[in-house]
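Everything on this sheet refers to the single structure shown next.
Labels run A, B and C following the written order; every chain starts at residue 1.
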Amino acid sequence: MKLEASATPRVADGRDFPELAVPVVDGAVHAEIYHWAADIFPICRSLTGEGVRKTLGYLQNIVPGITLHEVPTGTRCFDWEIPHEWNIREAFLLGPDGEKVVDFNNSNLHVVGYSLAVDTELDLEELQEHLYSSEDQPDAIPYVTSYYKPRWGFCLPHRTRQQLKPGRYRAVIDASHTNGALSYADYILKGETSEEILLSTYVCHPSMANNEVSGPVVMTALARWLSSLPERRYTYRFVWVPETLGAIAYLSRNIRAMKAQTRAGFIVTCVGDDRGFSFLPSRHGNTLADRVARQVLSETHPQYREYSFLDRGSDERQYCAPGVDLPVASIMRSKYGTYPEYHTSLDDLSMISASGLGGSYETYRQVLTLLEHNHRYRVTTICEPRLGIRNLYPDLQRKEISDDVVPILNLLAYADGDRDLIGLCEITKVRFRDAVPLLRALHREGLVERVPE
Amino acid sequence: MKLEASATPRVADGRDFPELAVPVVDGAVHAEIYHWAADIFPICRSLTGEGVRKTLGYLQNIVPGITLHEVPTGTRCFDWEIPHEWNIREAFLLGPDGEKVVDFNNSNLHVVGYSLAVDTELDLEELQEHLYSSEDQPDAIPYVTSYYKPRWGFCLPHRTRQQLKPGRYRAVIDASHTNGALSYADYILKGETSEEILLSTYVCHPSMANNEVSGPVVMTALARWLSSLPERRYTYRFVWVPETLGAIAYLSRNIRAMKAQTRAGFIVTCVGDDRGFSFLPSRHGNTLADRVARQVLSETHPQYREYSFLDRGSDERQYCAPGVDLPVASIMRSKYGTYPEYHTSLDDLSMISASGLGGSYETYRQVLTLLEHNHRYRVTTICEPRLGIRNLYPDLQRKEISDDVVPILNLLAYADGDRDLIGLCEITKVRFRDAVPLLRALHREGLVERVPE
Amino acid sequence: MKLEASATPRVADGRDFPELAVPVVDGAVHAEIYHWAADIFPICRSLTGEGVRKTLGYLQNIVPGITLHEVPTGTRCFDWEIPHEWNIREAFLLGPDGEKVVDFNNSNLHVVGYSLAVDTELDLEELQEHLYSSEDQPDAIPYVTSYYKPRWGFCLPHRTRQQLKPGRYRAVIDASHTNGALSYADYILKGETSEEILLSTYVCHPSMANNEVSGPVVMTALARWLSSLPERRYTYRFVWVPETLGAIAYLSRNIRAMKAQTRAGFIVTCVGDDRGFSFLPSRHGNTLADRVARQVLSETHPQYREYSFLDRGSDERQYCAPGVDLPVASIMRSKYGTYPEYHTSLDDLSMISASGLGGSYETYRQVLTLLEHNHRYRVTTICEPRLGIRNLYPDLQRKEISDDVVPILNLLAYADGDRDLIGLCEITKVRFRDAVPLLRALHREGLVERVPE
């Protein structure tokens, strides 16, 4: 700041104030997101296979820029190797009287993920070691996988299991383990700079709602919204991968660019139900991703629950791993592992709703809008400017400074060029949704300017 | 610190221990300060005009070094411009029966500050839009100004307003808006170094006590006390200005020197009543001004209330503005805006007292004394010295270390040359008033020395 | 970390994982420690004299590497000077009827430490000024010394004092103040590096248990244990000195080496009773000594009480003094000055126990083991490794990640080479006793490596 007394505020630096307005709730989109979720819910996804491709193809129809990729069986990805592709056509269990006691057609959760093919007869006692159920949730089909050890098995409600009659059973799983590929998709939406915001979700669970389809559909809606904007500051990288191995495979192909360019990232998962919001910070806990998430949640859902990185369980395990160290956090509704329906057939379409999905969509839109606006601003005058002559201050002074003018004075007091917008909101306690129009007015009057990055 | 085993403590470095003793309460001065407050209370001050000059002249009689300055109408001061000078001679409101229902001679709060001159007749209904009163405080005259928009108006108790009879009124305000000046005063009291302590107060409100005359009189008493000392480490800059525009005008003339030299500063305002103490930190919150104020208040008035810089409202708005960034805080009694009498005729001489003003005077004297003493000290011995042979330690060891010796051992333990006296008091929990004589004794024995600045 | 996708984890760096296992409780040693304490309890120790030598000689029989040193009377040690050596052979007080009302043979606490020799008759009234007792603890003999001012005196239970009959008394103290020496001992146990861990205790109190003999015997057991290990990372410096002057004398001879080499240190004192644990931090409060102590105590005795350095009272006063600044803290049972028996004859062998001493021994063994293991580790893979193929992860995925695998995942997530083992335990909340075997397994599999110091 120069110290000469200038007759008028210096001309602002020519950097425009971002056009992007704080989004308003769009209920029609919320209903649409729920519709997409219902469409992809029945597909039988797994770590690999046609179910993943079918799901990604559905989303590609919504956002045509989405690109599908394949990583062939046998490919090394850091410490890992892509396994055989698994596909399943049919599976059932015939009881002693020839009736179907378990049928894959009723729920794709009935088969242990990556089960070996089998067509065999065996007594109930022998069958028991291939059955999985939960005494605690006797009406639910548990979700079980065995990706890396050859096994076959059926999952069923404990109540059903207890009613199985002694005798001879036929177990049929028509599945294949073949050379194939792990499938994933991404979408790179260019912005003014090559600096990137990462959004990542997973597509590897069979028919579950909050902990599977909510993430891909909300993220697809965000991609469509961002692509509809006339301009964007950031480049956006959207990633749909099978959890863990998909993220590892994706990083093995893209880590250099992502480490160089990523400024903030989020795992979009468990965003479908109507319960409260929760937040899982990044490994370091104080990155741009963490700061923007906490600012928005504290404004919009101040009762949100903050977890520790020790409670993590999704692809931040890879993105935040030592040496990868991307600034990736997660804003969720009911976090995986914390709600009773998690990883069972009870996590169905009744768990999620248009308002649940839509609330997550709106929260992420606020987060992305704040990121787009997160510049540093500084005042152009020495001492406070004359707000009265610019219609920003009351002309009659009575007992107290008007409440209306307090936020504008506080923004001016802390717009010293050192703080970004998040920091300015934190210290002034002005909500970002209020700070944006006030700063826009001050910028228009030439009283604040953007600091070059 | 050298590591040789020295036979005796090294000779101290020749830097004297400051002579200044911790002040003792001086009740006679407290009564004198109240007397000054009563003298200047009736003067009609405003942003500009003869009332300001008369007030400053009164204070100059107490401290002859005070210098008056004028900033001519039309002068640009950063984003601002000095307005016409306003003077008022008489104002009244005649009722339908010819009686004076409002008379400026009874209270200078009866006229809206900077009112246009007027001499007109109008009906009660027309008059109402020129009247200001408060339903919440029906017996108080509210304080109202309109510096930057031309208006005229009368302020009166709501109870009086409700009793106004319908009919024809005559409104007379004999005031002038002319080319003139904004008046202020300062006093630069030289010390051993050119490093400065700033004390600033304001002189722009008509007859109000806690939120006007308390500041100028307490600050004048401080100036007289400091000027009476045989020596001072710091140079002191005392500033009496009309609030906001006066501070901006003052900075526009002095900002370079003040930015280079100011080490700590205080806005002396609202220091007259007998309620508790309050503290408003600087914008950064951890400057020397903040640290010294918190240390003294926690010793002398541990129940003091700390506000946030977001609660600010006086000239720290200018002194702490981005790019000005002086280390300026405020120690007050009842803070402006927080007590019911604020900005009304109820803030009269009954609000303040000799003990209220005097307590503030003593607190500021402690603050300034601690600043004068705030050197860094370090021990001259390796390991603890023999205190016993210097009569600083009991010669008989019984169950516990004597409480008397704990503070001296703690001061020695932390006098490592890294901490200033404030830091030493903070970590050892020794009060500064106790630390000064103990360090003086240790210094006399050659056991601690001052670290060169 | 290099970013290439490597087919397998890189070969670890060849640095071995420390062999040292987390110690298991050894009750036989606890009983042995108590036996030593009982043996040295009766010896009459003081600042100097044969009692100190006899005590050190006893410990030398246990750990032959212990070396005795003498600092002659008159030697300057920083600000101090070694006084005459004091030895006492006999002391008693004969009453009017010729009976021994006080006899040094019954308790060596009966004589004021460093008493002048005397053989005189005097009336009870004259005698009173040479008597010391405690009204608050009428059955206890208080511990009193007068090292630096010539005096003579007897200490006795207040109840006994009150029963003294008027009349003529004979006071006899057969003691000598002669040119001699201050005695101390040390033991330097070499390790792989010259970096040192300091353990220091004191040997200058007559017959008291928790606040005297507990420290020397526990430290001797630690020295014996460490010397029995096949290898050690650190060099260990054990120091047995008279408190205060002994530590000052020791530092005056060894400060250069100790400042250059000491990484952490502890005053081993008040480690004998069965009450809770307490912790006195170093002056800076966050050194390696502080961190390792807090980690172990929070794992093993989470109810431990943390004091402030302002509560200090032993040789950390010298080791942590400004300019000495060694990282020295103290893990204790009942801290000196805080328990009723302190510095009286009630602090006898019934105050301490094998389990009290043994618990302290085990806690310090944990501390030293953690220091030996306190390397920085980093993962060798990018992203999480395949734990399943190394039998470190369940092969069947059900509802939740198994609790068994959470600690290993958390250690991997934070093993970024920046944190030492203490930091890794702090952030992952994995106990160090669990982290060591898990890291050992990961190191064996080549998944983590030690970062060069």
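Miscellaneous remarks
Note that in this section contacts are C-beta pairs under 8 Å (C-beta built on N, C-alpha and C of every residue); 3 or more make two chains touch, one makes a residue touch a chain.
Model, not experiment: these values are computed from the prediction.
Between chain B and chain C, the superposing rotation on Cα atoms measures out at 120°, rounded to the nearest 5. Both chain A and chain C derive from one sequence, and where they touch, under half of the residue numbers involved are common to the two copies. Chain A and chain C have Cα centroids lying 53 Å from one another. Contact with two or more other chains is made by no residue of chain A.
Against chain B, the residues of chain A that register as touching in their complex are 1, 3, 5-9, 378-379, 381-386, 388-389, 395-401, 406, 409-410, 412-417, 428-429. Interface of chain C with chain B (complex): residues 76-80, 113, 132, 134, 142-149, 151, 244, 247-248, 251-252, 255-256, 259, 283, 309-310, 312-313, 317-318, 320-325, 337, 342-344.
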